[in-house]
Structure formats: structure tokens, C-alpha cells
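Naming follows writing order (A, B, C and D), and every chain is counted from residue 1.
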């Protein structure tokens, strides 16, 4: 039983310079990272204050999401997200206000008009596919999007995100296989936080790293430490380049901590030790990237303050706007089951 | 993109002696091989003469099936077959007559009482699970059987068979994963004949050998030339030993030719070249094993005659018995939807 | 006799059965250390160990497919599907394999198992955490389906399901878990699969319901009672096989029928009940057998005003009943 | 006007649409070089190339899941499921994704596609090559379903389905492929999704059917006619959305209804038609609206006497009609 150990190696070598990134670029990534965390914190605040029914959080996953999505052509390429994709959708262009509209189930919510639970992001304008709840189905959608891009010669690639547990659904293997056969431009980003709700990785798979699955489908597989924004960025940039060269899909596993319970309905203390939860805190991408940027002399107190006050402003405006927005009108609830106008003579 | 090339290597070293097999053993295997082919030929004869509506054949797969099933404890272990498992079920103990009863849809057919199409084998007495038509579902059944064996400490293992195309269904990956996690005693025998009806392997997967998939699930993966009965036997024996030692499942890929069209409803000339079909003939396991046994001085004309006449007798008896057997009585068609007696007061 | 929540009645029934029959294995997502996302399997992992209370990988086809193998080889599986909305990846394993094994093998094999499925809306679960699935499974010969509405039935029907020789889909309504309490007989209390029961007698109209809608229908009947309309409320409880006899007897008494379910109306299970009444109770009927179901949109929308619009309640049921009575 | 087999009408409609609209992609198992196991896609691979006529891996969830992605990104997929019996692994992708994309995104996304599904019994296909699936999909809001019974409708409804802005399940009956011929208008002939049609007028009873059962019902009506019973036969042809108006008008004329489908009877699609008639056509009815469906066993058994027992035919339909007329 030989399993290629693709566990992430520490990579001192990865720096903005080594990647040819300007200070502006990395500070832009830092902005999205902090924005995602601030939006997420506000989501929890809205839930605790009884204004939001439910929160599913991206805390701990933000660094990997910012890094991978930043490697895309964010106007041209597709994002096929999942429920933890707060940072991913923000980096792809979705304004913070839209997330609060989803969170509060308000009528102007562009993802679903208040029809879906919080966490179900989507917006065609930003080429973010609408999210459903059944896990892993989106992997095949990303493959289909990439197939269309290939035959239509649009040059688009598709990045889809899922969790470690979700790799156990048959649709995951099917999507890898179809994408590999047609050498499609798909990045399968598995955000491995070690748990599927309460189920640890050891009960989810018999390999240390799910990236090991790639080889058996004839595609590239990579594992990186997702707490390092630039490691995720570097791996995604390579994968995107491979994809654009027609060399097919990549299974990119990013190792991330889950810094909250699974959702506002879960109590993780029941199945995770206090130690482990504490250890994960040290892997907080916000902490890690802040230290790195300071170490590289890119982030100063002044700049950090600027960024945070800009974010504070966006969050407050977004929340305010969302809170003031109207709830959906039940008279609209029967709309858009089918294209309009439906023919009144027939029943469904 | 690194794919471990597990393509079958020619193995001169594999002989009855090297495997500690007696002449009686290998002649017994040879008997099953020839029996399977004779049964199969008769199935086609019955179809051509209009007595059978449909044939799905195992021709070309028999050597691999005899070799792998022979490596089991045939009383104790489980066989979870598919529609090409003619040789497998015969080797597991099913009498030839039963196959003709299925073929003709007769009432005494123990697999289904004439309810299922030809090729849907099953018989609890021989620990052969009932076969359905949807491909790949049986892989999870084999895993569940092995899980029960593990927690009940029965020492049983389960061998299941499927085709190369069937590895594309999500259930295949799911079954590998579950079996690897629990280190279950399952042999997943993929009979790779290069086609799924008309779809060639190149459109089914991006790897040269599906055994390459095993590593990514944390289990053993092996590819052997299934035209060599003893190569299949040796690989299955090793896999069975691993399983009994609690070292988990094996994905055993056997490379076989498909010597007929997919079924009596298919015309393979439409999608396969005459050359290729001719080349496959040279891989006929009956031809290969006959030559090997002669080379080892085990098979003589006399012995071959004995075996063939014994087989002829079985086939003729079995066919006769099946042809004389009654068709199912429609009055029985509503039985066994549920355990009997059903409560007449309630509708379903 | 003890007063229990619906949730605890299920838990206790499961615990008692596992203690009684060592063949029973519970498997599903998060059923182990966490005790299930709703807490139904709480403590079973500690009481019966990992081998019998199995956290599966996140794969519903796996959950049902391996359960079939377990059932064939001497175990008695009680798989849990975390939410009814997520049972669909197992549709093929249930329809093609579990439901058909006995028939296709001409009784050589059987496949006893109890598939526990939390379902239903009114819990802010939106499109993918609110679904009802009985219509899909009621159409599959070889399956049985129960939908208990009370703690007593929750325990008694679970025991009957686990002891049944055939596969049973056990539908537990998420909104009833903590909102409904009731007396549950102590000891080995079994409620047989099949019989429906009249929960409230009445002479003016029969209301047929199950699960959460049973309680809304009883509340509607009380409201109607205050208006002098005596509604009989029949708890269907077993969806498959259906107790046509009890249903027809009720219609014979009241001559009017209203069938209520929260699931989408079009081609829902109510159509079977209404069609059966129309065909076999035709001469009893003074008014059209009427169905009240959820709106025909692809799921329960999330936002409160939309969810309230979707979900049926006592008021909507009473209004529909008045129309039938006034016919 | 040309006389064509049902099979060729589908093929020609597909070929014409692919020639008309370069966005159309056909995908499925064996649809390429082999031209499909029934020959429906014969020649398309050669005519339109590999990129547009795609042999997929053996995985139905893949076929539908990637079709959704293609639809979202500018293609117009026409996936083929080789046999209706094997659509079940795609149930989740169809129900949770394809049918819900427009609704859940509040019209930001749509998902046009035509899912071709060969179905039905009477072909010695046994349990797993004979299934009818309309009951499962009729209950899914967001889908449309058509079941053409004639070559003309086979071509015209296929074109309507492909041009429809929403996902359509196109049910083609395997036994009709080569057994039924008929006139098919030349050129761009479209039959709208929705309207049912009266195939044979009559005053004594209305028989509602589709697919193969349409033809058995017409044969039954001829037999009844020789006995002086004038049966009206209505071809439902679109299952979802259902043409309640045409159905009710027919019942208003005949005052008697028999609903026929080969699928299992219990909770089958006939229940929706019968329940709708009972509820909205109550005052027209002189006899119970009656359903004639396949027996409630898990599938069509293989052996000829068993298959004959299962399948409905003109004789069984005429017998059921006589009972309704005699009521």
C-alpha cells in the first residue's frame, strides 16, 4: 500500500518577489483576507443578536480562498463555490453588502432573493455559480463549464471549492475523471480542515492527503498549507497556467484550520479537544499573513489601520443597507419556477 | 502528472509448482475454464435457435474469473458477480443447469425464478449474491458484506467483479474508500476488456490502468494479464491473504479480451476494427491455458478428451433439463414483493 | 407511561432495540461521537461502541449500499440519512437494490433495514433542509414507509420497522423533535406498520394527514369545532402499505374528504389517497375529495415571509375544510 | 409529409436541431460512433463531430451534472440516458440542481436542456430494462416532461423541448421505436409542450393514456366500438405541465374516466390525473374515476408469461372500461 505523501512542506522560498507580486498585489490580497474575516465576524454578530437565523462560517479557510481565487483571471474565469466561500466570493468581486443581504434573507439578495439559506452564494454578473446545499454536485458543474469553455474556445477556466468530507461523494471521483479525460481547465480546490462536521479525516479516507487521489485519475495533485496565502496563490497560479496550456485539471488540496464550529447549529467541543481547537488558532491565516507581511516589511501599522478602517466602513454600510432592505414579498414566491410568462392553461 | 504504470508484465515465473498447485488443482481450473466456454457457446446456440431472447457473454473473461475465484475459500467466501460472471459462478459452485434455467427464464431458475434477464446470477446456497443490472452498485454490497464479516468475526472475504467502464460510476470510488477506511476483506476485480459496449478505455479514463486508482484510496492495486489463469490466481491469492491478515482490500485489474459483441443486441463491427477483433482472439484464455498446460506436460490429449466429454455431458443434461422445465406461473408473479404472508388489509 | 419528547422517543426506541438485538448497526454521517446533528443517536456510540455505531464517509449511496451488504450477511442495519434532502444520491441503491432484492431473487435473499430520515419544513431550512420525500418512495414496490406523528408512534413504529422483515423508510419530522411531547408506554411498546388511526372523531368531514400536518389538522379541527363543524382527523401514519379500509370507513361516515400534506401538491402522495377515495369511496362522497398540499415551487424558500407562505397551518387547513363542507 | 418510424422521427428531429443550432451538444453512453444502443443518434457523430456528440464515461450523474455546467456556459445540452432504469444515479443532479437552478437563483441562472430517456416495457427487458419513471419526475417542480406516442409528436415535441427555456425530460418508449410508423410533416414541425389531444372522439367514456398505452387504448376503443361503446381516447402526451382543461372537457362530455399507464399503479402518475378529475370534474362524473396501472411489483419480470401478465394491453383496457361504463 504505497501512498505518495504529498503533505505540505514548509516553503520559506515563497515570497512576493519570488512570485513577481507587487506590494500593491499582496496588500490587495491582505485586504480581501481581512475583509472576509470582518464580514464573517459580523455574520456571527447578526446571528447572536437574533437578526440572522443561521451562520456557516469560512473562518480559517480565508487565506486559501483569497490565494487561489486571486490566481484566476477574476473577470473572465468561473468560481463554483460552496458554503464556506465567503473569502472566495468577495475576492471574485461580490460586494460585502450582498453577503449581508443573503444572511438576512432580504429581497434584493442577488444570490437568491432571500430564497436560500445563508452561505448559498451565486451571482452571474461575477461569474459565480449559484450554490446548492448537497455537497460535491458542483464539481461536475465546474467540469461542464470548463467543457463548454473548451469547445467554445473562450479561454475560461473554472475553480471549484469543496471540503475534505465532500470528496467521499461519488460525484467527486466522477468530476475528476471527466475533467482528466477531456483535459479540462478545472481547479478542484479541496479545503481540508480535517473534519466533516464531527467526522475526522481518519474516518473519511485512508490516505493522509486527498491530493493523492489525483494520480489515479491521470491529473496533477498538489497539497499546500492553506494558512499561507502565497503558497495557495503559487499553487493555484501553476494550476491555472497548466489549465490554460490545455494540460488539464489540478486537484489542489489546501490544509486549513476550522476556527469555528461547523455552523451556528453545532457544538464542536463535543467531538474536538480544547487542545486541538487551541492549536488550530495558531494556524489562523489572518495571523500568519499579517506576520509574513510585517516580516517582509510590506505591512506597517499605518497601512493596517487604513485597510481596517476601509473595511469597517464597508461592513457597516453593508450591514446597514441589508438591515434596511425589504423582506421578500410572498406574492413573488411562485415566480421563476419556469421562464416567464408560464402558460396558465397547464398545471405543474 | 505521474501515473504508476502497473501494466501487466509477462510472468514466465508463474507455474503450478511455483504456486504449490497440484496437477489435480490446475486440471480442475482447466475444467471450469472449458466448462464456462462450453456453457457460453450453448447460450449463444439457444439464442440463435430462438429459444433464448438474449445473451450476455463471458467469452474472454473466463480465465481471469476461474483464477480469481479459485483463490477463494469457495465454501466460505462470498462472490458478488456481474453479468459476465459465467465462469465465476460456475467455479463458485453453481451447476451449469442453473445457467440454462436463467437463460430460458424457467420457473426452477434459482437465481430469480425466471424474473430476471439472462446473466443475472445469484444463489444464496453458494454464497453468490443476486445480480441486478445497474452497474457498480454491487461494489458497495461487497463492502457491506465484508464489514459484517469483520464485526461478526466470520473470517469471510468478498470478491466482486465489474467491468472497466463501470469504474466510472461514483459507487466504485465510494466502495474503494469505505473498504480502505475499514481495511475490509474485499477483492475488487475489474475485468478490463477495453470497452464499455462501444466506448473505448481512452474515453473512460485518463490512466492506462485503473489499478492506478488504488493508491489514492490507500489500498493495494495490481494489474495482471487475465488471459493467464495462474497469473490471476496468484494475484488473487495474495490479495485474499492480505485480506485475511486484516490488511484490507485490493483492487485487482485483470486485462482480458472481449471475444464477442457486448451482447446479442450489439454489432461490434461498427466500432471495432477487424484487426483488433482478430488480435484479441490470440488472447483467448482457453487457447493460452491449453498451451501452457501442454507445455508443462500436464495436459494430454487423453485428459483433454475426458474433460471435454464430461463437460459435453453436463451441458447436454443441463440444457435438456432446462428446456423441459416449466415456465413460471403468472399466479406467482405477485409473490415475494414482501415477506409472506402480506397483510391483505393494506395496499402498496 | 412517561411523558417524552418525540426526539427522545426515537432515541429510546433505538437504544432499546440495540440492547435487545446485537445484530443492529447504526450507520450514517455524524451518528457517532456527535450523536447525530439532531441528537437522536446521542449516547449510542458510548453505549454500543464504534463497530455498531458507525460514522460513515460523507456519501449516502455508500450508507445504503453497504447497509444492503450488512443486511445480507447477518447484521440488521439502521442507516440514518442526515436530512431527507440528501437521500437522493442513494435513490438508485434504494430503488434498484434494497427494494428489489427479495423480488428479483424470488425470495432467495431479503433485505431488512430501517432507513431513518429526518424530513420536513418549518425549520428555516430553506430549499435543501426542508424537503418531504414520501411521494418518491411510496411509488417503489418492495418498500414500506412510516411517518409517526406522536412520541408514542415514534417509538412504537420504530420498533416495528426494525423488526420488520422488509426494508422500511422511517420518516421523522424535524419540527416535531422538540415541539411535541406525549405519553409513551414503558417497556416493549410496538405500533404495527399498516393501521391508520382516527385521532379525533367527527361527522362533517374527514381530514387525512401525517407528521407535522397531523397536529395542524387537529388544531384546524378545534377551530372548526368552535364553528359547529365536526371534523374527523385521521392519522395516516403508515404511508406504505396504506390503510385504505380505515380511510374509506371514515369517508363513509363523513361523506367528505380533505387530504393534507406539506409536500408539493402536484403528483404528491395526496393524489394516491384522493384517487383511492374517489375510486373506492365514490358512492360515499357528497363533495369532491380535495387535496391541500404545499405550493408547487422547487422547495421551501428561506426568508420567513416566504417560508410562512409555503407552510400549511391550521388556518389554511380550516379554510380548505370550510370549502369542502360548503360544497 | 413523410411516413416514418418513431425512431427515425426522433433521429431526424435531433439532426435538424443540431444543424440549426450550433450550441447543441449530445452526450451520453454510446451515443457517438455506435450511434446509441437503439440507433437514435446514428450518424450524428459523423455529421457534427466528437465535440458535439460526446461518448461520456459510464456515469449518469456525470452526464447530467456536466450538462448543467454546459448549459450555464453557453451550450445547449441534449443528454441521453441509455435506459430509464439507469437514470437513478442522476436523481440528485436532476432534482436538486437542474430543476432548481432557476428558482434558487431567483432567475439569475437558468438551465435549458433536454434529457432523452428511452423507457417502457414489453421488450423482454425484465426488471431493469423496462421501467417507467414519469411518476418520480412529475413530482419535481422546475421540470417539464413529455411522452410522445406518435412519430409526428416524437419529432415535434423533441424540437419544442430543445427550444424550451427550461429543462425537459423527453420520454421515448422503446417498444414504439420500430413498431410504430406515421406521417411526419416535413420541415420545421414543432408540437408545443402542454396541450393534450383527443385521438378518438367518443361519448361513453374517456380513456387517458400516453406512450405505448395510447396505442393499446386506441385498440381497446375499437374493440369497445364493435360492442357499441364509444370510448374517447385522449393522448396526454405532456405529463408536466398537465393539460387539465382538455382532460376535464373530455370528462364533461363522457362523464366517465379511465386513466391508463403501464407504470406501477400505486402512487403512479395516474393518481394525479384521477385526483384532479375527482376534485375539479366531480359534478361531471357518473362513475368513479378509475385507474388501470401496472401491477405493484418491483419491475416487469422477464419470462414471457410473467411479462405478458404485467403488461397492459387492449384486452385489459377494454375490460376495465366496460366496468366503468357498467357502473
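Going forward, a contact is a pair of C-beta atoms (placed from the backbone, for glycine too) under 8 Å apart; a residue touches a chain by one contact, two chains touch by 3 or more.
Predicted, not measured: the structure shown is a model, and the values here were computed from it.
Colleague: By mean C-alpha coordinates, which chain is most distant from chain C?
Modeller: Checked the centroid distances; the maximum from chain C is B.
Colleague: Does B-C or B-D have more contacting C-beta pairs?
Modeller: B-C
Colleague: With centres defined as the mean C-alpha position, give me the chain A-chain D separation in Å.
Modeller: About 41 Å separates the centre of chain A from that of chain D.
Colleague: Quick one: report the Å distance separating chain B from chain D, using the average Cα coordinate of each chain.
Modeller: 36
Colleague: Just how far, in Å, is the C-alpha centre of chain B from the one of chain A?
Modeller: 44
Colleague: Two or more other chains in contact with one residue: find those residues in chain B.
Modeller: In chain B, residues 112, 115-116, 120, 132-134, 168-171, 174, 177, 181, 203-205, 337, 347-348 touch at least two other chains, as defined above.
Colleague: Among the residues of chain C, which are close enough to touch at least two other chains?
Modeller: As it turns out, chain C has residues touching two or more other chains at 56-57, 59, 61-62, 85, 88-89, 92, 96, 100, 103-104, 127-128, 141-142, 240, 242, 266, 296-298.
Colleague: Write out the stretch or stretches of chain A touching chain B in their complex.
Modeller: It comes out as residues 1-4, 168-174, 177, 180-181, 183, 202-207, 212-220, 247-248.
Colleague: Sort out for me which residues of chain D touch chain B in the complex.
Modeller: It comes out as residues 29-30, 32-35, 37, 55-59, 61-62, 85-86, 88-89, 124-129, 266, 295-298, 301-306, 308-310.
Colleague: Flag every residue of chain B that touches chain C in the complex, lowest number first.
Modeller: Its residues touching chain C are 78, 109-113, 115-116, 120, 122-124, 129-130, 132-134, 137, 139-149, 151-152, 154, 156, 158, 170-171, 174-175, 177-178, 181, 335-339, 342-343, 345-348.
Colleague: Residues of chain D touching chain A in their complex?
Modeller: 25, 51-52, 56-57, 59, 61-62, 64-75, 77, 89, 92-93, 96-97, 100-110, 141-144, 165-166, 194-195, 238, 240-245, 276
Colleague: Could you please specify the touching residues of chain D with respect to chain C in the complex?
Modeller: Within the complex, chain D touches chain C at residues 61, 85, 88-89, 91-92, 95-96, 99-100, 103-104, 127-128, 135-136, 138-142, 240, 242, 264, 266-272, 274-275, 277-280, 282, 285, 287-291, 296-299.
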